[in-house]
Amino acid sequence: MQAEPSNRPYEECGVVGIWGAPGAAGLAALGLHALQHRGQEAAGIVSHDESRFYQRKGLGLVGDVFGDPRDIAQLPGDCAIGHNRYATTGATLLRNVQPLFADFEFGGLAVAHNGNLTNAQTLRQALVKRGCIFQSTTDTEVFVHLIAISLYSTVKERLIDAAKQVKGAYSVVCLDQDTLIGLRDPLGVRPLVLGKLAEGGWMLASETCALEIVGAEFVRDVEPGELVVIDKSGVTSCRPFKNTASRFCVFEYIYFSRPDSQVEGRSVYQARKQIGVELAKESPIPADVIVPVPDSGVPSAMGYAAESKLPFEMGIIRNHYVGRTFIEPTDQIRHLGVRMKHSANHSVLAGKRVVLVDDSIVRGTTSRKIVDMVRAAGATEVHMRISSPPTKHPCFYGIDTPEESKLLAATHSVEEMAKVIGVDSLAFISFDGLYRALNHVNRSEASHRYCDACFTSDYPVELVDREGRLIA
Amino acid sequence: MQAEPSNRPYEECGVVGIWGAPGAAGLAALGLHALQHRGQEAAGIVSHDESRFYQRKGLGLVGDVFGDPRDIAQLPGDCAIGHNRYATTGATLLRNVQPLFADFEFGGLAVAHNGNLTNAQTLRQALVKRGCIFQSTTDTEVFVHLIAISLYSTVKERLIDAAKQVKGAYSVVCLDQDTLIGLRDPLGVRPLVLGKLAEGGWMLASETCALEIVGAEFVRDVEPGELVVIDKSGVTSCRPFKNTASRFCVFEYIYFSRPDSQVEGRSVYQARKQIGVELAKESPIPADVIVPVPDSGVPSAMGYAAESKLPFEMGIIRNHYVGRTFIEPTDQIRHLGVRMKHSANHSVLAGKRVVLVDDSIVRGTTSRKIVDMVRAAGATEVHMRISSPPTKHPCFYGIDTPEESKLLAATHSVEEMAKVIGVDSLAFISFDGLYRALNHVNRSEASHRYCDACFTSDYPVELVDREGRLIA
Amino acid sequence: MQAEPSNRPYEECGVVGIWGAPGAAGLAALGLHALQHRGQEAAGIVSHDESRFYQRKGLGLVGDVFGDPRDIAQLPGDCAIGHNRYATTGATLLRNVQPLFADFEFGGLAVAHNGNLTNAQTLRQALVKRGCIFQSTTDTEVFVHLIAISLYSTVKERLIDAAKQVKGAYSVVCLDQDTLIGLRDPLGVRPLVLGKLAEGGWMLASETCALEIVGAEFVRDVEPGELVVIDKSGVTSCRPFKNTASRFCVFEYIYFSRPDSQVEGRSVYQARKQIGVELAKESPIPADVIVPVPDSGVPSAMGYAAESKLPFEMGIIRNHYVGRTFIEPTDQIRHLGVRMKHSANHSVLAGKRVVLVDDSIVRGTTSRKIVDMVRAAGATEVHMRISSPPTKHPCFYGIDTPEESKLLAATHSVEEMAKVIGVDSLAFISFDGLYRALNHVNRSEASHRYCDACFTSDYPVELVDREGRLIA
Amino acid sequence: MQAEPSNRPYEECGVVGIWGAPGAAGLAALGLHALQHRGQEAAGIVSHDESRFYQRKGLGLVGDVFGDPRDIAQLPGDCAIGHNRYATTGATLLRNVQPLFADFEFGGLAVAHNGNLTNAQTLRQALVKRGCIFQSTTDTEVFVHLIAISLYSTVKERLIDAAKQVKGAYSVVCLDQDTLIGLRDPLGVRPLVLGKLAEGGWMLASETCALEIVGAEFVRDVEPGELVVIDKSGVTSCRPFKNTASRFCVFEYIYFSRPDSQVEGRSVYQARKQIGVELAKESPIPADVIVPVPDSGVPSAMGYAAESKLPFEMGIIRNHYVGRTFIEPTDQIRHLGVRMKHSANHSVLAGKRVVLVDDSIVRGTTSRKIVDMVRAAGATEVHMRISSPPTKHPCFYGIDTPEESKLLAATHSVEEMAKVIGVDSLAFISFDGLYRALNHVNRSEASHRYCDACFTSDYPVELVDREGRLIA
C-alpha cells in the first residue's frame, strides 16, 4: 500500500465472527489485527456470554483499541463479532464504528458489514419517512432498521427479508444471543470465509489470514449469496437469492487482500507473481533492475523479474513507522518533496535503467513523487509497469476511490499518463493478461467473471443511489 | 527487525542537528522520522531562535509527538537538535527523554546523545558527592553536569573537558545560542554524519537516511574522535583526543542501520547482500526456496539466493500494523503460539525445503516461533542461516541486549541451538566471512577493525562500571 | 446541598433554550452554568444556524465541556438548546447525554428534557415491538420516537401527539430549524420559565437564575400544560391538555432551586427563611446557637434564628473544592469518619447547645456524620431541625431518591431517627407549617396544592411502570 | 474568595507532613484537600516506606491528582509530605510542582515550601555560576541546591546552613529516609502547626483545618524561627536563628486562612467577626440590610450586622461550580457583564439600602461588577465596607499580588475608589481598628506586630531581589 491518504483505493472494512470458543473476543481481536490492512481508522467488537452482550469500539488500530488485556477481559463470552473500519474523520465518527448493536423485540443483535449498498440512500429515506431514527451514517444501519421492522419472527428470516431489499456488495456477520450468521451478497463481490477453530467452535472472516493467526483451519469460502447459520447444532446454510453468476472483486487479487491469504482457493501472492509474469510478457523493456514499489508491488515485481531474467532489487525502502498522523508538511517542507513512507536505495538505482512495478495508478501524485525520487537517486531511465489495467471508474461497492474526474486514467491516455508521472515508458497489464494470470483464457471467455468495473465500468449491481451515493 | 520486544537488540538512539535553516524543528522532525528505527519509545526536539530556546518531548513515535503542525510551530528558529529514544517504561520516563536542556552561567545548552558511557555511574557518584542534583537517569546528564562544573569558558572547551572524563561509545549533538556541535567518541563506535542543506545550513545525523529525507547532501562522516563546530563562520573541526584506531560497530551493518543508509562510505544494503553471498559460500544446503525473515533478513537472503541459484521468495509476511501496544496474550492465546508480526505464506512453503535467512539469534524464542510457523505451513525441511556470528556477549556501548546468561549462543553450541530452535540445520556467518563481505581479507588482517564485542568479547572501551552498569 | 453522593435527592436536569440571539450557544452555556446545581454529570448543547445543526456533549461540569471558547465557536447560530444531566456512571453514558438529536422526514429535531416519564418502559416496549431502535436509556428518547412515528405533519403537532401518550413530570425544550418549543407537563411538576433577551430574542430555562446570568428579563412561568412556540412571528402558546389543577414540586422550594431563583413568582430564599420561621414556632428549643448545614440550610437557619432570637453562626464550614472525584477512603480513612465537604468551626460550637438546621434527611448517614463532627467540636447538646416533612417515599418524577426501604423516615419514627442520627432532639416542619410558609392556610385548604408525594405518597401522576421504573 | 483570577491575592501554597502513620500519603492527601484554598493549580505528595521514596504530582485540585485510590496505593509508607500550589500556567509547569525531590550523597530528600524568598535570584545566579543546574523556577529549588552543596553531614545541619543563607518568608517541610523536618522563617510570616495523630504519629500542616480533617490533635504552632525534627525518638526542636520579634502575616486573618482554622491560638472566624464589629463602630451608615460578598466576607458582615443592629442577609449567591476553566467570554458575553461566580438575590436587595462587606479591594474590577449587579437587582443605595486597610503595596512574601501600579488603592484616594467602584460610600477598617479586633490596643502599641506591608509598606524582610523578583 502506498503513501499518501486518498491517493489509493482503501478497502473499507474487515469483519470476523467467532462462535463457541472461550475467549471469543480475544480471538476476534487477533483476527481483526490480521485484517488491519482492510481498515485502520477504527475497530470494534461485540461479544455475548450466556446472559448479555458487551461491546467496545474505538478509533485507531486494533492494537490501540484492544491493546490492554483488560479491554478484552471486559468482553466475556464464547461468541463475538468484530470489525475494522476505514472512515472519514471528525467528531461524529465514533457512532459510525461497527459492529452496530440494537435491541429488538426478540433480543439484541450486533451487525458488522464490509461493502457498500447501492440503494442505501433510497432505503434510508423510506425508513426515515416511516419514523425510523438513524444514529449513524453507515449502510449497516439500513440493514439494522430493515431487520427491526421486519414482520418475520426469527433473526435469520428477518435478515433474509432485509437482504432481499438491499442492493450492493457486502459481506455481513451478525450475532444474536444464540446464533452467528454470515451472509455474502448474491454476486459475492466481497470475500468471506469459514474456518474451524482448533479447540472447537467456528470462525467467519474476510480473509484466510485471520483464520491463520488464531490457528483456525480453513473450511471453505462462504459462497456468493449464501447465508451461513452457526449455532449449537453446527453450521447450516441456505441460499435466499436466486442463482446468479458470481462477480468477485478482482482488486482483492491485485491489491487489497493480504498476499498470504487464499481467495477463491488461490494464493494471492502467487496470483500477483503470475500477473508480473504476464506483464513482463506483454510489456518487456531493456533494463538493469526490477524494483517494486513496496509492499504491494513486491510479488508482481518478482514475477516480472523472473520472466524477464533481470535482477530484482529492493530499490525503494519503506518506512514502517508511518502512522496515521504526521507532520502535515509546511510549505517549506512540501517544497522539498518529502516522502514520508518511501526512500530510495541509491546503491541499486544509481546509474541504472530501472523498471518500477506497482499495483495501480489512481491520481498519479504518489507515482510522480516516487519516480522523481528514483531519478534523484541516479536512475538513468525509469519505466513503470502496473499490475492492473488503468483505473478509470470509481468503485461503488465498498472501496473508497476518488470521483472519476480525479482518476488519472479517466482523463489521460497511457502516453499522457507517462508524461504526468515522468517515466520513460508506462504499461498496464491488459484485461486478457490479467485474466490469464488468474487461469482463464481471457476476459471474454473467463469461466468466472470478476467485478472489474473500476477498469471496465461494467457495474454488475445496479447503482440505485448513484447520483447521491452515501460516503460514510 | 523482528517481533517480540527484548528478544532483539535495540539501538537506543538516533540524533539530528540542524543549523542555519528556517523551520529547523520541522527538518529535525523529518530527520528523526527517518531514524525512527533507532528508537521508538520517545522523541524530543529543542530549537533556538534569535532570542530563546523552545522544547517539546513526548513518549511515542516521532509522528505521535510531532504529528500536529502546531507542535512544530511552537518550536521556532533556525537551529534545532532532536533525539529518538528507546527506553524502559514507567512513570518517570519523560524526564529521561532527550534532548536534555540546562541553563548555565553563559546561557542555555541542549544535549542529545546516542550511545552509552561505561563510567557513567562512577562519574555520577562523584558528581552527586560534589552537590550536583540529577534529574534523570540518563548518561547524557553526566555530560551535562560535567559541562556545568567545568571551569573553561566556552561550551566547546567545556564539552571537550567533559569528553575527556567520560569513557564509552557515543555520538553527541549540542546546541547553544550560537553553535551546533557534533562529537563522536574516540573509537567512533556510534555513527554520525555531516550534511549540507539544499537552501543553506548544515545538518548532523546518525545516518544518511536522515539527510536524504530532507534533501540534504551528504558531506562526510564525522570522524572518530572528531568534534565539529558549526556556527556563522561555517564548519570547523578539532580532534581533542589522541589518535586511536577506530572501532565502528559492526552491528550497524548487520542489523541497525537502515538499508538505504551509507555507513563508512558503504551501502548497508549491499553489505548485507554480500554477507548473504559469503554465507551461501560457507554454508550451502540443498533446498527449494530461500526465505528471509523480514525485514532485516531480506538483503542477505537475496544474496544467499543469488549465490546459491535458488529461488528467493517472500515466504513470511510481516504485519506492518504492529505498534507498541497490543493484546498481551492471555494464556489461551499464548497457547496458540500467536505470531503478531509475522505470518506464513503457505503457497511458497508447503512441501518445500526452506532456508530461512535472519540477521541474528538473541534469546532464540522468536526464531523458534518462526520455525514452528514455517513447519506448520507445510515446509518439509527448515534450515536457518544467520548473517552474523553467534551473539555471545552483551553490548555495553548503547545497545540494549539481555544479560549474557539469556543469550542462547552464550550457553549453547550451534548444534544445541539448532535443536532449541527446531531447525534441520543452522549456520552463522564466520568472523572471516563477515570481514570478507565488508571488503577485508579476514578479521585478523582487516585494515579496519570493528567493534564486534558482542561476538568476540573483545571490548575496545574499558568497562568501568561493569558490575553495576546503568540501564536507563 | 450536602455531602456524599446518593445520600441526597438529586434533581436530574436543567434545560435552557435560546431563540433569535447571535451567539446562542454561548448564552446557553451560561444558562447551563447557572443551572449547574440541577445536574453535574454531563452537559450538552445543540445549536442551529441558517443551514444546519451543531452539537457538543460531554461528561462533567458545563465549564469542563464548554470551557474553551473554541468549543462554543463550533456551535454557531442564533438558536440553541442545552441540558445539564445528573446520571449514573459508566462507559455507555455519553449516548445518554442530552439534547438528543434525530433526523426526521421534515428535518432535524433536538430535544432536552427535565423530569421523568412514568410510562416510559411501557411505551418503549411498544415502540421496540414496532421496530424502533433505541440508542439511549433515557425517557427523552421515548419522546423522540413518538415524534418520529407520529402521522401529523408539523413538529408542534407531533410533539402534542407524543405528549398525549406520555405520563409523568417533565419540562421539555425542542429545537427544529425554525422553532424553539417549550412544554410543561399538565400538572406543572417541573419548572420552566420564559425570558426576553436584552438585545432581542427569547429564552426558556428551568429557573430564573439562568435568565439572570445573561441579563434576560423574566417574562413569566410557562404554565402547567402549556406549550410555548417561539419563531419569527414571536411567542405563541397553546394548551393541548384538558385543564387540571397544578401540582408543582414542593421540593423545588425546599432544596432544589437556587435561592436567588423565583418560582411561581415567589423568592426561593424568602420561602426557605419563612419555613425556618415556622419551624421555630413549631419546634422551639432552648439553645445557644443556630447553625445551618450549608449551603441549603442557610436561609432556614436564618429564619429559625430570627424567630427564636438566638444567634445565627456559621458553625459548619463547607469545602468548596469538592469535585466529582476524590479519594475513595481506604478503611483506615473511613474509620476516621472523614468529612470531605464539611468541617466544624470549633469557635462557635465548643461548649454550646447547638441547633442544626438542614433541609432533609434521606438515608441519615450524612446527618449522623455531621452530628458526630459537631459533638466532637465540643457542642454540649445537638438538636436538629429539618425544613421539610419526613421523606418517606421515593420520587418517580425526575429526582433520584433511594428506594423506600433505604429512606430512614420510611422505617423509623422521629424518635428512632433522633437516636440513629445521635441528636438530643429532632423535629421536622409539619405539613401545615410548610404550606403556611408558602402562604397557604394549611395543606388541606391550600389554594394551590403541591406535589409532595415524597412526604405523603399522594402521587399525582399515575405510576404506570412502577414495578420496573427506568433509572437512566 | 472572590471571583475572577488575578483580581485577588492568592496564597501560593499549603504544606503538610506526616510521620509514623500507616497510609501516610492518604492522610497527606486529606490534609492537602483541607488546605485546597491555599493553592488550586497543582498538588504533589512524596512518601517513604522503609526502603524508598515514591512521588506523584499533577496539575489541578487534590481530588483531580489523588482522586483514585490507586493513586494513593502507589505511595506506600508511614511518612509523607505534600504540597498544594498556586502557579502560573504553561507547558513547563509540571516541573515546578512540589515537593521537589533530589538524590544526595547521603540519600533522598523531598522538600515542600510555602512562601517566597527575597534573595532567590541572587542565590540562584551564584549557584548556577558554581555549576548547579536548575530544573524548576521555584524558590524551593534554591533550598534544595543549598542543601546539596552544604558541607555539613546531616540533613538537619544542611537545612540550617541553607536557611541561614536565604531571606524571605517561608514554612518548609522536608522528608528524608528517617526524619520529617518543619521550619518556619525567623519572623514567622507564614504559618505552620504541629499535630498528633490519633493512632500515633505526627503531623505538620499550614493550618489547623488540615489536622482536623484527619482527626489529629492540635499540639502547638511551630514557632517563628523554630526547626522541628520528628523521628523515632519523637519531636525535638531547635532555634537556629537569633531571636527576633515575630511578624505573622495579618492577611492570614483577613482572607487566606480558613475560618475554622486557629492561627496564633485565635479563631479566624471570630477574628473576622470582630473586625466586622470594629468596622461597624468606625464606619456606620444608615441602611436596610448588611450583605456579605461570599465567602470570605461572611463573618465580617455578621459582625458588622450584629454591631449595627441591622439585618444580615445572603444577598449575593455564590455559584459553587466555578472551576478553573470556563468560557472566556466573547465580546458579546463580556458586554453583558456576566458574573460567573456570583448572582444577586433580588428578594433581599430590591428597594433596599445595602451595605456590602468584603475583605479587600485589589484592582477594583470585581468590586465594580458586584456593585453593578447589586444595583441592577434594585438596591437604592450601595455602600461598601472593607475588612482590611487599603491594599497599596505588593507582597513579596508568598502572595501573588499585582504590581503596585495595578492596585487601585495605590493610585486612588478612598473617595476616588468609591467612584471607580460605583458605591455611595466606601470605608476600610483602620490600622488601629484592625489591631483592636485582634486584641491589641492599637497598631503602634501592639504586643505583637504583624506583617502588614501590603497596607503599610513596612517590609520586615529585606527585599534583596526586588528589582527582578522571581515570579514562579
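So that you can tell them apart, the chains are marked A, B, C and D in the order they are listed, and the count of residues begins at 1 in each.
As a convention for this text, a contact is a pair of C-beta atoms (placed from the backbone, for glycine too) under 8 Å apart; a residue touches a chain by one contact, two chains touch by 3 or more.
All of these numbers come straight from a predicted model, not from anything done at the bench.
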item	value
Contacts common to subunit A and subunit C (chain labels)	none
Separation of subunit A from subunit D, taking each centre as the mean of its C-alpha atoms, in whole Å	62
Euclidean distance of C-alpha centroids - subunit C vs subunit D, Å	35
Centre distance in Å when subunit B and subunit D are each reduced to the mean of their C-alpha atoms	52
For subunit A, residues contacting two or more additional chains	none
All chain pairs that touch each other	A-B, A-C, B-D, C-D
Complex contacts: residues of subunit D adjacent to subunit C	22-23, 26-27, 29-30, 33-34, 36-37, 40, 61-64, 66-69, 72, 198, 209, 212-215, 258-260, 262, 267, 269-270, 295, 298-299, 302, 312-314, 317, 319-323, 325-330, 332-333, 336-340, 343-348
Subunit D to subunit B touching residues, read off their complex	102-105, 128-135, 144-145, 148-150
